[in-house]
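Everything on this sheet refers to the single structure shown next.
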């Protein structure tokens, strides 16, 4: 059991989920975000913090031996937004972790958008080349590289999870391949903190979907077995909406609509 | 749902199966063979056609947006028979598909005999080298290459299924590895027509057999999960017949008896 | 069914197990060990034999068409002990097998200690490089190489099983990855003798553990499906003992404590 | 030294080259083509033969222990032309070789157009997937598969050479990568007939070009070292003609203009 | 020949080299840096520009159809320095390139420090995982990912050169493996602008060193053949300085001293 | 420069060569063998020693910081001979090295017979599976495994050289592929002792032969470039002797005649 687990971005979708369901992992859960986080729960402590503020981040990380880093910009945005949240924020977090005598182990919420330009007909594993689909995706490649550097140089362990689509249930056909059920995300994080030696793995965050694209064999040592399967929702999806056509990026590329130009409109 | 699905070879074993069970895939099912096809069912239209007749094949394909190509010579035969049915017939079919404004998607009944000379102790995937075991097997390598050329050059999508042994149940020990249950073939074809972007995959057509030789990981994106397992028939087979001896091609080579000389007797 | 199956080391842990549960594989079971083997069972014959005695081993193997070779030194020991039991003993056994007109098929109890220095965060298959963790592990690499030579040169078939931890249930956290249930070992040996052509495979002897390190895809042709899963014991282990720390060889290296120096103390 | 070497297509560009320069390989050189072959040289015998004529081909091959098969349709053409020359002609040749007690070793003039749809930025070796660029390319895939089948089933050895551009010197920029100098082709064929065991290799027929795309490491056992390098002609080419633009198939795809539609114009 | 080639960082070591020797590649050479650039040469135009100034960079790139991007922070530094020069600077450059109707092709000066934590006993190619050795190295991984995204999404072609040690001659033992002679760098850039289709390759920038670590086979299509070999300097180096000891990062890790902590001293 | 280099087997063919040509590697050369070694040269010391004598070997190794281990049984022999010389002798040598405070680096004369059963048409590298061709070959697999264990467990560095045929010039056709010129062996050993960090590589000991089978790319970091090429002797060999026929093991298998049964004659 951890002494103190920090959850960043704890008011976001995934951060809230982690806050709600990971309380058993540590004696104290420190939840953090820029915005409001409500009341502290029984074993919680709340610290408001902007990840772009280096000194504040250092204070935030102090005393923690585990970090679930869900903070940052979660979708494509202008470069300035992505840079501040996902580039500078990551550096601040890892510098703080390096200085902390508690040597925190880190879960980094990377993203499938680090490999979004691979076609959906291709199977990937952790050794596949990165093909980010926008600033957001590039920032995740950056984050994984930063984590690896802090592992090789300073021994900080990180699990980079390339999260697919973590929502209560699949809401479009692409999610038949990318869905990560909340239960499976939680069980994955539990496994990451339970294993004595983690290393610095890249893990595809997807449930046991019949139509999955990603191969996690290399991280079988974690003992994580996702239990859910998006296939259970296929009929419902087929009934509710048309399948995307063959030219639609949602049907062609793993990153889906992120591969279409969104930000660079001028 | 397709507008019009053509099933060739519809009076053969697999063609009949498809005719009986794929009616829900299209508004109209066009069934075709050289021989008699009986009465047309509710949403069927029947066209007798020799695949060697170029003009007839062009008419046959017209109006179809899906083709399940089960026609052709299904086992080893003299070169002339194989050539006419599986070489010329394929060219006629693909030329017709190329000209059809409906851009039909094609399921091509390829065969394990395209790789029959690999030993049974070897695991194969779609990138394994072809090692055909006779004229029939060579004609299937030809068919897969032709399909790939029409995909690269003209955008025609094909799923080449290297069918193992599609029979109601395994009837010899080799089929403990090669069996493809009729249910699993049908569910595979359903998946092939359901996915928005197919590409031009090579798929091993085998059920979820404990003793299987073939690895379909690369086509997991189809979301096909075969449900049957030949292992359920092992005890029955063991009771009914002796296992082949170690020198028997049925125990040594993936293509089984096709690897023994059959046609070139002179 | 075999005519006569020899089980060596039949008074050891695994040899006893095989003796107790493989009686159905042959008309006669010949059990052997250096020490006492008790009373002969119904279809048993007992031969006491030191594997270091070349002539005795030749007599022992005579008339056998199957061998389950569980004999030898089962853990790290001084070089002399390992050499006599696992080096000379193997050579005697294979020379005897080569001379036997019955051409026995052999199950060789190799060990995960042939690859013990790989980190636990790495996934291995039969093509991974060997990294033995002591004299014992080196003797197993020797045994696999000897078996391969007798296969290539004389046609003797061997299945080398790199046994993980074959005990009734996992007794430490490392076994969550390495456990081989007795049932799964037995079913594996049954499959090895049932298949018409075995070849000379290297098989990882582990159950279907969620947290497994080893990939047996290449030997799927055997049709072996381990049924047990060490994960069922995780909660019990967690309750009973602390997890090893990150510097502990039991948490870092696949060979566990064998990777720590034990024998070379001077 | 061979007893009798058959050169088919001996009045074509490559056949003539072989006729002119391979006379030392055999006691008798049998030259063949459909058309006129002029006067027989000192150790030559001339046999006019249409490869589509099965009986004539059998007579042609009789008594030969080596074949350099340069006959057939050498560029894209209508299906009927390609089929007759490259499909039926191959089958006739291999059937004749199978029946010949002399067990001829065969050099098969395959082509880079068997893999023409790979982009020029990709490196290929013999295990790369085939991606033919037209009927001609598909016929070469067929030929390689047929050769492999006759090797696996009947022990006929073939070297399939995927010839790049065998001309006196490069005449366009693509040939900086594909050029095979006549000297290098000749030295390759010499090596193929000199080695005691050939197997059934696929060899890329290209000189030692700085800008080459193809990796022949797997056939280094032949001991063939091409000596020429198209790079020597780059300045001359640059001076004489513009480089193709980035959309030109000659700059994008390994098969060059063959990847553009040529035959299927309707 | 290019219309206008931009050289950034033109007052740095490599930028000056490019300025001095690439004048023949374009009608106009636009040289740029933050600092002084002296007098404009015959076909030169000089533009002082801070890469952190988005608008200025856009003006800088305008009208250019080629860019040699040598600008930025060239060694490890504080995060702020690296970020401004190598992260923000890259984004500004690529945004400007995307908007330029001239569609410039880009040479990006990446670095071996993107893979610096690989041991020197390991051979790498373009598919090897990145293992950056500091902020500088992480910024190069970022740059390569950004370039790839602009290629996949907007068609901008980049050659990322992982430059080893580009100096007049090797000055320490590690450079026996990493040396890139100035001549070889220049010939590489010439090839990059000469090829009609570049794609988005990762190229190891090292001469033809006997003791090299990096495999460029995948980019042989460029036709680049480095001519120099650091081995010629071995005797001189051995005479002038001791070899580093086995614990020295300069002898253990590809990134050499960059792998030792330099910046994170607190 | 080494302090004291031990050369074992110094009266054998390769040991004599090393004695004659490696004198410059160390201040003192300690030469050893069971038999007579003549007079000590200027910087030599002579120690007669049976490698089977554990205590004697420990004394032999004492004070050495480099070992060229050419001692042992150099060709196939009875098991007892091979075991004593190559199994027990290796263990004695490595135990002595482990105990020596000088931490000697070791060159181990392994052999191509560790992989002799691979066909000559196959290309191998250090990751290829071992396929020994007799007791001698198995003893070399043992030696490589032992060396690896002492590296992983105790940090002893070894270069295992799978020596091809180290003779003054090739004397049969197989040596066109396997020849290692004496000069190239010497330059390889020089490189092994010059590099600061060696690791524990497996190196194929063959010259730069046109017809080579073995790929040393993975050990390019050594900076070894063999200069000789057996091809220079082909014409001489062809003139002097017939090529082996296709059934001859010398033409089929990499281990040549070692793959034929020699020792196991009963």
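All chains are identified by letter, namely A, B, C, D, E and F, in their written order; residue positions are counted from 1 within each chain.
Everything below uses one rule, namely that a contact is a pair of C-beta atoms (placed from the backbone, for glycine too) under 8 Å apart; a residue touches a chain by one contact, two chains touch by 3 or more.
Chain labels with UniProt names: A, B, C, D, E, F = NAD(P)-dependent oxidoreductase.
Since the model is a prediction, treat every value here as computed from it, not as a measurement.
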{"item": "Where chain A and chain F overlap in contact partners, by chain label", "value": "C, E"}
{"item": "Contacts common to chain C and chain D (chain labels)", "value": "B, F"}
{"item": "Same or different residue numbers at the chain D/chain F copy interface, by half rule", "value": "different"}
{"item": "Pair exhibiting more inter-chain C-beta contacts, C-F or B-C", "value": "C-F"}
{"item": "Chain pair repeating A-B, as identified from A-E, C-F or D-F when over half of the contact pairs by residue number coincide", "value": "D-F"}
{"item": "Cα-centroid distance, chain E relative to chain F, in whole angstrom", "value": "42"}
{"item": "Centre-to-centre distance between chain D and chain B (centres being mean Cα positions), rounded to whole Å", "value": "31"}
{"item": "Between chain D and chain A, distance of the C-alpha-averaged centres to the nearest whole Å", "value": "53"}
{"item": "Residues of chain C engaged with two or more neighbouring chains", "value": "none"}
{"item": "Chain pairs that touch, as defined at the top of this document", "value": "A-B, A-C, A-E, B-C, B-D, C-F, D-E, D-F, E-F"}
{"item": "Residues of chain F defined as touching chain E within the complex", "value": "194, 196-199, 201, 217-218, 220-225"}
{"item": "Of all residues in chain D, those that touch chain B in their complex", "value": "79, 83, 87-88, 91, 95, 98-99, 117, 127, 129-135, 137-138, 141-142, 145-146, 148-149, 152-154, 259, 261, 264, 266"}
{"item": "Residues on chain B engaged by chain C in the complex (per definition of touch)", "value": "119-123, 173, 176-177, 209-213, 215, 231, 234, 243-246, 248, 251-252"}
